Structures are given as structure tokens and as C-alpha cells.
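Read from first to last, the chains carry the letters A, B and C; within each, the first residue is number 1.
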Amino acid sequence: MTRTPAHLIDLTCSALDELRAQTPLVQCLTNSVVTGFTANVLLALGAAPAMVDLPGEAGQFAHAASGVLVNLGTPTREQRPAMLEAAAEARRAGTPWVLDPVAIGSLPVRTALSRELCDLGPDIVRGNASEVLVAAGAGVGGRGVDSVADVETALVPAAELALRTGGVVAVSGPVDAVTDGRRTVRISNGTPLLTRVTGGGCALGAVMAAFASVDEDRWATTVAACLVYTVAAGMAAESAPGPGSFSVLFLDALAAIGPDDLARRAMLS
Amino acid sequence: MTRTPAHLIDLTCSALDELRAQTPLVQCLTNSVVTGFTANVLLALGAAPAMVDLPGEAGQFAHAASGVLVNLGTPTREQRPAMLEAAAEARRAGTPWVLDPVAIGSLPVRTALSRELCDLGPDIVRGNASEVLVAAGAGVGGRGVDSVADVETALVPAAELALRTGGVVAVSGPVDAVTDGRRTVRISNGTPLLTRVTGGGCALGAVMAAFASVDEDRWATTVAACLVYTVAAGMAAESAPGPGSFSVLFLDALAAIGPDDLARRAMLS
Amino acid sequence: MTRTPAHLIDLTCSALDELRAQTPLVQCLTNSVVTGFTANVLLALGAAPAMVDLPGEAGQFAHAASGVLVNLGTPTREQRPAMLEAAAEARRAGTPWVLDPVAIGSLPVRTALSRELCDLGPDIVRGNASEVLVAAGAGVGGRGVDSVADVETALVPAAELALRTGGVVAVSGPVDAVTDGRRTVRISNGTPLLTRVTGGGCALGAVMAAFASVDEDRWATTVAACLVYTVAAGMAAESAPGPGSFSVLFLDALAAIGPDDLARRAMLS
């Protein structure tokens, strides 16, 4: 069922209420650069982060968790089997899990790992356009962690990838797009300041895992995650004189954001 | 000797002065989520953090350090022997060391490691009520890194654990309790905002290691650490519109806090 | 060619413009305490950080990167071969690379590693006076990550080290000194608040790697990096009530700093 923007905003408000009522436990297997920021984003929003990423613990924890994030920013030798363990057990237990294939393309370790993880059917794949193109088998990668492709170029491959994984694919950029292969929506609330703070994209993957736990419609909850995240970023950007202040005000905005902010600011199409 | 609240506040003021005069060198073997925040908390307070957590270096460093923190949030394969090495050498050298058994209970790697470390006689064990109950052999664990038990329930097991380790046990929560098995005090200065910032508990363990180096009475310095930490948090919470601002103002408050703040705000019983 | 302070300020302004125009891709193999802060410093300034530190990826990435930082704060077993790989490939490809030998001296793992890396000819070595003295074979090390020697004492050994590596050596402290063995300049813009925030020194190494990519004169770009960094710190310190606020305002200042700030505030001799 396609939903109009107004329906999606209503659903986002409900999902945000649910999230704050349930405090979903979000397991993050993520990179060393953004662990602290990711945890703070989840806490500000009302979720409960837990960075359980050891082999022998990660799979067990994925059973109990409300959602799981697997982010390939700096996948250490010890994290790699833990990531596969967590993804496999999440799948078995029905715990929604998100794959963020950071900087895949020419770098061999993460690119091979991303392929293995994709075969485990991530509920959501989140990346920039270059990363999504590589995951879809249609590109060679970006420049470091940055995209060299634009979001529109990635839309058809993203939809094909979604049909292949049976999940949702979210492409982040100046405009964010979320597709499940049949339904696609664009969100235009991003701010360039999100790209001047490390973890701006990575923490969004964790937020998607948190939202995925509150409703069965993965596409809709992924849209909700993008919307809450980027509207809060827009609120913060209005009064931030620079990237340091923005990061602080963004956490405050994630804690404060409510239905009125979403209704007034959401830009969906 | 039991001390009255007024004595404890005086002692806390002296310990804070001593700490700032001595700049204790605090070795932290801690989790990847909170390393930066923990170091910033120690620096703001006036201590000197050093995150030396490699096997072959950690034990040697524990000799020279003023205090050591061993935190089990994300104990990697390489950190685990380094933690045992640091704890054993700290014990040998008489360097006070703190164990923070994050999320022990059902997770097998950290739970086994915590048991080994407890046998090395930590000067201070700090945890939430669920973690302290597990360490005391009286509970099955919390929900992720959060407690599902309350502080009062953990007090008798905490006192028993303190008698067994020969050290101090601190239970963190809405009210903090510190016991050495004979003396117990409660501190009611906490703010919920400390639970909306990652590392709110973990950094307190590092602060306890810093304070432990300035006076022989471990129970009293642990009370001092809790008091300085939570009073500073209360000062920050008064003007923080959200968790992002709180985190920043908390560091400012740790650098600014003085005897007047402690005398006016401390809530001990 | 020796340059007057006025020439160096002009060159710094041009280098900053170039850096912002080119968005250099800076590969950081750095310690777990400061990864997030380092990335945020680079992003605020206008560079693009990428923390690629896995064996099998680090060398390949060093070919494509604009500059590389190797920081020995917490060199894990997996990072160590990656650091050697990145340094060797950077050298082969002509990518400038910076060595920050954190806390070398008595700690055996990092001290041996630092020696191996020095033999690979770092374009820039950055450290406090104690670290530079050890790297130059003229000292035994500091207290944890802090120096026990002063900058002036380290100047002659620093110059000798520069002649031996064929690169530049920067000594950080209350006054910063930069030498290539023939030319030496002192920068007096530092603020004590930089020592109250973790990563204050470590992130400067990354900034040096970013600046090294915009001009062939390594000595001049290293001076430019120090100058931009410490002038921005001075701007932030003016309105920061404590170390938490300072850290935020410092990132804002790095994004805002321009030629006028440099001309008005630079203190070179």
C-alpha cells in the first residue's frame, strides 16, 4: 500500500511515540570513530544502545535485542565473525537488522564482508549513493567514505537491491530516498552540517534499527527514522554557528522533537 | 570509623584539592564507546588519563599509574589479557584499581572475565544494581547495559561482595550507594540526564580511580568521587536544555566545581 | 629559503584556501580515544577523514589518500601491521605521512614500533618534547601521555631527527616549534585549554597530514597547520567557560577561521 506524505507523517509521529514508550534495545556493531556519537544519538532519541560486538556474545545478544546495526566502517578481525554471528542470529530470531556498508568498493576486506552479510538478508541497507551502487553490483565505490554518485542515479539499482534482499534500501545524500522496490519516497530535510560531523550517516543506521522494532512495515519505519533524524538536524542547523555547536544542538533536538515539528517541517515527495 | 555527612563533605573538598594538586595519572582499560568521554571527564576534573591497554604494556604501566580502571564494556580479545595483567600488577604495586563489570550476567565472555578479575581483589567495584547483584552471585543481569533491579535491593549483596573482595562496592542508580561492608552511605545528587549520555556511569569508575590515589580510606574517596561527579552533574543539568548541552556543561562543571558547590548541594544519608 | 613571519602568514592563508578547495582525503590510523574528535576536527576544517586501518586495506588506501596519519596512542595488534603497510605504501606513492609517537619511551610495544616507522622516513614527526627526545634517541620518555621536558630542550635533538628522517619535526607544547633541521620557527598561539581536551595534540597530527597535501614545502605547511590550529584554539578559548564548551567552540572556530584571524592573531618567531 502506497501512503501519502500526510499518512507517512502521522505514522512517523506514532512510531516516535512508540519508540519512546518502548526504549528499544539497539545492538550496535559499529566503527571505532562513531561509537560514542551513535550511542548518544540513540539515548537522546529515547532508545537504549548496547555495543555488544564480541564473537560468542554478539549472536546471543541479537536474540534479545530490539534491533541490530552492522556498520562496516572499521571492521576489525574480531568484529567480522561477530557481525556474521549477529546477523545470522537476528535473522533466525526475527530481530530487524540494518547493514551499513561503509566505503565498500575497492577496499577488499569490507567489500567481501558486505557481500556475505547481504546474503543474510538485511532488513535495511543504508548507505550513500556510491555504497548502494556497489552493494547493488552497479558501481565501483566512492572517495573514502564520501559518495561520488548522486542519489537519483542510485534509485533503480537501490530498488533492485531491495527486491533481492527482500528488505528496504535507504540512500542518504542531500535528498534521502527510501525504497522497498515497489514504494519509493524522497525526504529533503537534510542539512549540509550533517556531513561536517563524523557519524552523521552512521548514527542514522542505528536510528533505523531502533524504529524498525516498533512496527512491522519496515519501509514506513525507515522513512520515519530518516524523517525524525533529518528534521531534528534541520532544527539544530537553524541556530548552530558551526559544526561543533551543531552536533550538540542535534542531540538536544532529537530529545525534544515532537509531532508539531514533524508536521511543520517534513518535506516528503 | 563512621563519618557524618558533614565530615564526608569536608573530606571530599580536601580530596578534590589534593587531586587537582597531584594530577593523578589514571590508566583506563575501557570500552570503545566511552574512551573519549572518559578521558575528557578526567582532564576536566584535573587528572591525567592514559589509555594503555596492550598486553606487554598494561602491567608495566599499572606500576607507575596513580590508579587503574578496568571496564568490561567491550573487552576485546587483546584487551582481556591486558586487563588481567594490569589488575595483577596494580595489586602487586599497591596501585588502587576499579572494576566496572558492564552488562555481566548472561553474556559469557565478560561474565567469566569479571569473575577472574574479582578474584584479584579490586579496590573498588562499580556497577548498576543488576551488575553488582551478578558480581555478588545474587542475580542474573540487566537489560543490555541498563539495570532492572533497584539500588536498595542490591545493598546487602553489595556489602557481602565488599567483604569478599576486601574493597569497596559502589552501586549507581537514581540514588548511589557506597559500602565497604561495614559503612554504607547514600548519595541522592544524581540527575536522569546522566543516563541520557553514553559513559555517564563508565566515566564515574575512572573518577573513582583518580580519587582513590589521594587518600588511604578507599570508602571515603569513593564517596568523594560519587559526590563530586553527581553534584557537578546536577549543576550542569540546571541549565541544559537537552542531553547534548548537558554533556558539554557537565565537563565545564567538573572543571569549575569547588567547596561551596559541594557544601550547598551535597545530599548524603 | 628562510621565510619571515609575514611570508609564513601569507602562505598559511593560501594553504588554508587550497585545503578547503581540495578537501584532502586524510587517512588516519589512530588511537581509540580520539578517533571521533580527530575526524570532527578534519571535517570542521574542510578535509575528508577516513579511518582505514585494517591490514590488507591500509596500504592500498594510502596510495589514494592525500595524506596519512599514523598515531601510536593505542596501537592494537591488528593496527600495527596496518601502520607499517600504510607508511611503506605512502612512501612509495609519494603520499605525505605523519608519525605521532604517543607516549614512547619505556612502553615496549609502541617504542619498538616507532623505531620501525621512523626508519620508513615520515614526512613529519609530531610529538611533545618528551616524545621527540625519545624519537631522537636523546630521552627516556614522559609521564603517561604528558611531557616532562620543555620544548626548548628538545629543539636541537628535533633538528637532528629531522635531518635523519629527511622530513620535518614538530614539537608541541606551550610554544610549538617546527624544524626541518635548517629552518626553525616558534608559534606561541597555544592555549592551556588544548591540554584539557583529549586529542588536542593527536588531532593536530591529522591536520598536518591534511596541509601537507596542498604544497610541496613540508616545513611551511607544517607551520601552517600549527598556526591555523592554535589560532582557532585561541579564538575558542576567549569565549569558553570550561573545557567542554572549548571543545565545541574549537570545532566552530576551525570552520570559521579566515585570513583576518590569522593576520591579527598569529604569533610567530
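The definition used in the following text is that a contact is a pair of C-beta atoms (placed from the backbone, for glycine too) under 8 Å apart; a residue touches a chain by one contact, two chains touch by 3 or more.
Worth saying up front: this structure is predicted, and the values here are computed from it rather than measured.
Chemist: Name the shape of the chain contact graph, picking from line, ring, star, complete and other.
Modeler: Topology of the interface graph: complete, with all chain pairs in contact.
Chemist: What rotation angle takes the CA atoms of chain A onto those of chain B? Round to the nearest 5 degrees.
Modeler: Copies differ by a rotation of 120 degrees.
Chemist: Same or different for chain A and chain C, when you check if over half of the residue numbers at their contact belong to both copies?
Modeler: On the two sides of the chain C and chain A interface, the residue numbers are mostly different, under half being shared.
Chemist: Report, in whole Å, the distance between the mean C-alpha point of chain A and the mean C-alpha point of chain C.
Modeler: Once rounded, the distance between the two centres reads 33 Å.
Chemist: For chain B, write out the residues touching at least two other chains, lowest number first.
Modeler: In chain B, the residues touching two or more other chains are 32, 35-36, 76, 247-248.
Chemist: How about chain C: which of its residues touch chain A in the complex?
Modeler: 25, 27, 32, 35-36, 39-40, 43-44, 48-54, 56-57, 60-61, 64-65, 76, 78, 247-253, 255-256
Chemist: In the complex formed with chain C, which residues of chain A make contact?
Modeler: Spelled out, the residues of chain A in touch with chain C are 31-37, 73-77, 103, 106-110, 143-146, 195-199, 241-245, 247-248.
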